[in-house]
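A, B, C and D are the chain letters, set down in written order, and residue numbers restart from 1 in every chain.
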């Protein structure tokens, strides 16, 4: 589930309620799941601001993940709600970087970034089509928008 | 399964054969699973060089993950073998940082780092016991060991 | 996200859009994830018809899963929507059984059942409190409701 | 890691040490992961007694899972070892059924069964090649072997 952005910026906020199966024996969401939360948000961001990820898949293209970083600020528990907000930091010929912040009602949960390269079904890096790139270039937001 | 380190350095190499359930519709290991591979390796590293993670759990302590970063270099497929090598980069009063490299027979798969803070069962940060800290301080390896 | 039931029966339908990370190298949702879909639906069912699962957790009780069965009818792909409908099949002193059907726009995806026993934090089976049991007994639906 | 079978029967036992990320907030292995343990064991069984699953993948065939059932007997915790033993219950023109038992040092953890149909990359059911079928038919074990 995604919410409409409140600013004029090309941000998307995805709301995720924590299922029991994402928790671990510490009683909190296992940290590896945050990487999956980022994916939920950027798929929503693409559909809302660019074009659905399925359109790339149909053209036998994927945005392979080349970098992930997450800074964890607050633990999240079963049935709590996390809002993942994402915006585009930069885009180049074959790659792009997205920045994220994760919030819970109690405050900032994490900040994160991912980088992706467009690849074909053999995993070879391919240039992002010119029109897609130009359209996405207009979506870049200042990092402050996520602070 | 972990292998004995070949150098005199406090490194541990964990061998992981990719199960089908870790792959995604791109036909490769989903990038979120690499974060889990890191956990496999640092649990083995603790048992081999320090003390078993279960000993901390029995004392109602956990090393909460406060940072993860992964740089993905090569895709990995079903049934391929990944070797995850880990060493300690630094240790402070309540936290530590581990560095990792992931290799497959075909070459470097990824490099990564994680940071952790010792917490009690309420999630409050606690100092690492002095003796544990002193022993781990002797395990620090130069980052070049993972290059 | 759950929908209001359309019949007068105590059914709950949870809507789940398939994230990329639930797919596998066959290009479909990995079959183990269906077991997680069932959990999403029964948590919603409890909140809608009985009381939130978190209320049990606060009382240091959990419904441990003692049986799962899934019959897979149709493959589901990335970004498709699955509706998981659940109802109570029976309830006894310390255990209960739920039945499920999973539907996609293209048709029946799967049928399933789970059984659960109430346990304390040491994993010992405990009787379901009498009032809870009486209330849930009124929620039992005929299996035909899920066909 | 799989062990050689101790009987003359076509059984395979896969040894799995529970990683932290498979636990949940009950402090035990989340029940959905058992379905993944079954996959680990049957992949090893195929390699040991039939031919590697990768050989089917190369021929653009997969054994889609059409049924899973698990009966959970004992909870398993972080760092404990589970042995998953698997054998073939029956094989037909396009499908087969495997039976499993899961053991920990403390006793029986679960029993389970899975059914699979051979499919092509479009998900269409295809007959199991005659020679493969004949070879596998000789692997059928009596269910008592798993009790």
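Here is the rule we use: a contact is a pair of C-beta atoms (placed from the backbone, for glycine too) under 8 Å apart; a residue touches a chain by one contact, two chains touch by 3 or more.
No experiment lies behind these values; they were computed from the predicted model shown.
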Quick note, more Cb pairs in contact for A-B or A-D? It is A-B
Per mean C-alpha coordinates, the chain lying farthest from chain A is D
Residue numbers at the chain B-chain C contact, same meaning over half shared and different meaning under half, come out as same
Rounded to the nearest Å, the gap separating the Cα centres of chain A and chain C is 29
Whole-Å distance, C-alpha centre of chain A to that of chain D, is 35
Per the C-alpha centroid definition, the whole-Å distance linking chain A and chain B comes out as 24
Touching at least 2 other chains, the residues of chain A are 20-21, 25, 27-28, 32, 36, 39, 57, 78
Listed in rising order, chain D residues that touch chain C in their complex are 25-28, 31-33, 35-36, 39, 57, 62, 64-72, 75, 121, 123
Per the touch rule, the chain A residues reaching chain D in their complex are 20-21, 23-25, 27-28, 30, 32, 77-78
Listed in rising order, chain C residues that touch chain A in their complex are 1, 19-21, 36, 39-40, 43, 52-54, 57, 78-79
